[in-house]
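Sharing a structure below in structure tokens format, with a few things to ask.
We call the chains A, B, C, D, E, F, G and H, going by the order they appear; numbering starts again at 1 in every chain.
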Amino acid sequence: MKEWNIYLSGEIHSNWREQIKTQVNSQNLPILFTSPATNHELSDDCGIKILGSENEKFWHDHKGAKINAIRTRTAIEKADIVIVRFGEKYKQWNAAFDAGFAAALSKPLIIIHSADHQHALKEIDAAALAVTKNVDEVVKILKYTIEGKL
Amino acid sequence: MKEWNIYLSGEIHSNWREQIKTQVNSQNLPILFTSPATNHELSDDCGIKILGSENEKFWHDHKGAKINAIRTRTAIEKADIVIVRFGEKYKQWNAAFDAGFAAALSKPLIIIHSADHQHALKEIDAAALAVTKNVDEVVKILKYTIEGKL
Amino acid sequence: MKEWNIYLSGEIHSNWREQIKTQVNSQNLPILFTSPATNHELSDDCGIKILGSENEKFWHDHKGAKINAIRTRTAIEKADIVIVRFGEKYKQWNAAFDAGFAAALSKPLIIIHSADHQHALKEIDAAALAVTKNVDEVVKILKYTIEGKL
Amino acid sequence: MKEWNIYLSGEIHSNWREQIKTQVNSQNLPILFTSPATNHELSDDCGIKILGSENEKFWHDHKGAKINAIRTRTAIEKADIVIVRFGEKYKQWNAAFDAGFAAALSKPLIIIHSADHQHALKEIDAAALAVTKNVDEVVKILKYTIEGKL
Amino acid sequence: MKEWNIYLSGEIHSNWREQIKTQVNSQNLPILFTSPATNHELSDDCGIKILGSENEKFWHDHKGAKINAIRTRTAIEKADIVIVRFGEKYKQWNAAFDAGFAAALSKPLIIIHSADHQHALKEIDAAALAVTKNVDEVVKILKYTIEGKL
Amino acid sequence: MKEWNIYLSGEIHSNWREQIKTQVNSQNLPILFTSPATNHELSDDCGIKILGSENEKFWHDHKGAKINAIRTRTAIEKADIVIVRFGEKYKQWNAAFDAGFAAALSKPLIIIHSADHQHALKEIDAAALAVTKNVDEVVKILKYTIEGKL
Amino acid sequence: MKEWNIYLSGEIHSNWREQIKTQVNSQNLPILFTSPATNHELSDDCGIKILGSENEKFWHDHKGAKINAIRTRTAIEKADIVIVRFGEKYKQWNAAFDAGFAAALSKPLIIIHSADHQHALKEIDAAALAVTKNVDEVVKILKYTIEGKL
Amino acid sequence: MKEWNIYLSGEIHSNWREQIKTQVNSQNLPILFTSPATNHELSDDCGIKILGSENEKFWHDHKGAKINAIRTRTAIEKADIVIVRFGEKYKQWNAAFDAGFAAALSKPLIIIHSADHQHALKEIDAAALAVTKNVDEVVKILKYTIEGKL
């Protein structure tokens, strides 16, 4: 493969995506990363900002979530590998939804989470090809997957 | 359709499945329900009980989660409709995973949750064909879907 | 085949479905028919009647259209043959949508329309395996398809 | 993604496609647009012009519609996003057919229509990830989808 | 499997289908056979008999061929095994088309032909799981496939 | 689900299939089992016995292997669960092939093998939802999967 | 689309492929053509020339036909459009097989044949989006499909 | 096709991949080869080296096998042709698994093995489009497949 498409799903409140990209670039791995929109506020409000305001919070969120889905579903379907990070905050049900979506499409899944979430994530871990604790492990897997060496 | 296959995913700590079944039966709707194993303790421990104990909690859970997946994935793939209930307790990432899995297979999704979870579930609600607040609404949707009347 | 599943899409303001069923029954053809909900008012209002009222007509309609989709998409996906009738009234874009949906799934399509609509329906007719003028022609096709005789 | 493939379906009697392209180009969005043949007369007559005349209008149209389908179906299948505009004139059943075709292939759908058509398009709107009123909203969605900002 | 669906494609001018059915019935093999309409004249003329006459032979045949396709494509898609017999007469391109259609759907193919056609059918034989000379061999294969014995 | 279809692949030189069936029957689990032809000699020679002898061993085996594939591929594709047992004798590459075939179709896989084969089967075990040591463990998994209890 | 992949199936005893390519090149249409191996003798004998001789003509042909299938099936699966020409000589069952294979994969089909073959090719014509008499018509369709003009 | 993607599965203890690449390069065939990680020790231990050690050999292997699957499954799914070599040593069940996986995805399969393994590999050979004895035959097939000549 000349270039790998990898989707980075999940937590948007830490800089883990940039950490991965920095390490991957320094190793010259041929990867094209995609991700959800990572501006939290804009991600919440894109629907009403583009299509007009709503009185109901449900529809406010609904319009935004659907617009975000244009980007995220396309990215998952194009991805060779889907990496999902579960952070410490929020419910993160959309991360779990992405993992399920990717699993049904038989995409190789790599999960990142701390030990605290181990039991609660057992079904998602069971669908993954690798369960990692941090960005360093992920980059090693990508290097090994692409180059066959460490 | 002579009979509808409907998978009831999510919360296993209240009797919502029985409530649906009771109402559906009293209305003679031709539905075959499937569900995950709803014995929480056995669901957690089925792996080690059948295949032998593990020292690591991760593998303890891993073996169980995979055995549970035999039942749940088969049920989702056979389902005409997938209903997912998010309750008040626990992380419920497996429920969100099931919703994503079903969405990728283009299964009609019905979600049940209280108003408290509205914002956190916006992406999953956006993938659903109906977002309900309780069992009564679900049964009305099933009745209308199957019989075309209320 | 022991029984054929046939979805009757489109116009809900004449009794063409009953005409087909009457003729098919009198000939003992083994067909299980499905159809959208044909109560027009209920079809429009099912969303708010089940899930609660909306101030905006768009969301009023949106909730109803999605609930109707649970029935119609399932029926199209299960169908061996999809029959779509275009009547004289209304825009009937949902009928054309159903035809496109069925075509993408490679379902055999039979279209019913009067000569008036010929030019406007040319793309849909081009995707069909039969373009008919009335119910009698449809029943003959069903009889021939199932029994190999007229 | 390096480049997005977007199919512009529907109305061919206004310059909405050029408006989108102009705005998209001025923002340097990496999009490859496809569309149906937009020469209305040639689109109607391509069949007989290439393959010979027909006495019957039905076959005249049939030959043309099938040749047009070579382009349109290929474009929909290759598309990452399908945008369908419903204008003020004509039946536009082919636009609705395209929307149904795209929906069955799980393509993200963006619909453009005026308020007048809201009720008649409710089933198609319900299958879309965004319902817009004009070209400006569409371009904002494309910018946000591709760049994650507005 | 409780019952096997087997489609009998190809030659309609000898009684090979009846021979297979007779042998299969005498052995109580649980098979549901499907076939194209085997009345040659009606098969040619079904289009104009049902939908009205045509001046052009091309369209006369076109209407009939499409109506026949409702039956044949459905039967191939439902079949567990597709058996195609090439006889001594006619071009039989529809038989070869059916074989290609079935091969693309990964249906197990059994071909029946005499030694005369060996070279001309080499590509089709290469896509088959069995190439037979007569009905007796076919029935033995069916018996072995279903019962695991001869 | 009213009845589960389960394919029993692999070793044909011990009575493990009968052991499973006996236990399953005594527990009244609703399972329809399928399997390859388990008469080893006939399985090797079915090609030449039905279709005529061959001078080359390669073609002798080729004809037989293809006829066997009619049964085995159909059974895998129809199966809800695929169980593969690796025994002590022979290369058993066909068992590993079946496991790969089932994995590509996203079928839940249960593997049975002794500790001796653990390292050599690690890739196949990694694709399975359960790795078991004996028939008793398999039956417990089936009971738990179908009934949700042990 | 930046470039169209078009497979040219069928007759290998006239220079119709070169005629199409010459015309297409002179019009600068962005098409990448693929075709079967068109050296008839080598196409027949590639199996034994590469893998060793066979005593039986059936296996001689079988080995060659399978090697040819590596090229032809890959080309059909990659193609945006499949064009099949039926000439005057030979049985050409492989051309009809290719047409069926392409049809099952929903590839747009263009058929070329003379009036003599009209009735015998009616089923294949019925599955095509264009039935042409010669190379000139094909090139016009390609120009119109790609550029939207004639 | 501008470039062929070919996956080289199986034996990692001889230099057959390099032999193929050398010959292919000297003939300027446009092929992009992929392969599993061919460092045997690292392939066995990648799981624990990246994700941490395990007390149980089963989990040691399990983690490694899953990480290897990220590379191998992606490569098979992207491949136009899958070539599997069975060598003289080891069980090589992963090679057979890859062959089954590729077969279920309808990938053209080329097998390489010595005469010793003929009977044991008969099911896999029966699913292949070419069964070869050595690298030279493989390269000839690739040349013929890509260039249509020898």
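By definition in this document, a contact is a pair of C-beta atoms (placed from the backbone, for glycine too) under 8 Å apart; a residue touches a chain by one contact, two chains touch by 3 or more.
No experiment lies behind these values; they were computed from the predicted model shown.
Taking CA atoms, the transformation carrying subunit F onto subunit G includes a rotation by 180°, reported to the nearest 5. In this entry, C-D is the pair from B-C, B-F or C-D that repeats the interface of E-G, since more than half of their contact pairs coincide by residue number. The centroid of the Cα atoms in subunit D and the matching centroid in subunit E are 40 Å apart.
Averaged Cα coordinates give subunit D a centre that lies 49 Å from the centre of subunit F. Between subunit E and subunit H the centroid-to-centroid distance comes to 37 Å (mean Cα coordinates, whole Å). For subunit B, the set of residues that touch two or more other chains comprises 66, 69, 106, 131. Residue ranges of subunit C in contact with subunit B, taken from their complex: 5, 32, 34-39, 42, 46, 49-51, 63, 66-67, 69-71, 73-75, 78. Across the complex, subunit D is touched by residues 1-2, 80-81, 106, 108, 110, 128-133, 137, 140-141, 144-146, 148-150 of subunit G. The touching residues of subunit A, counted against subunit B in their complex, run 57-58, 61-62, 64-66, 68-69, 86, 90-105, 117-127, 131.
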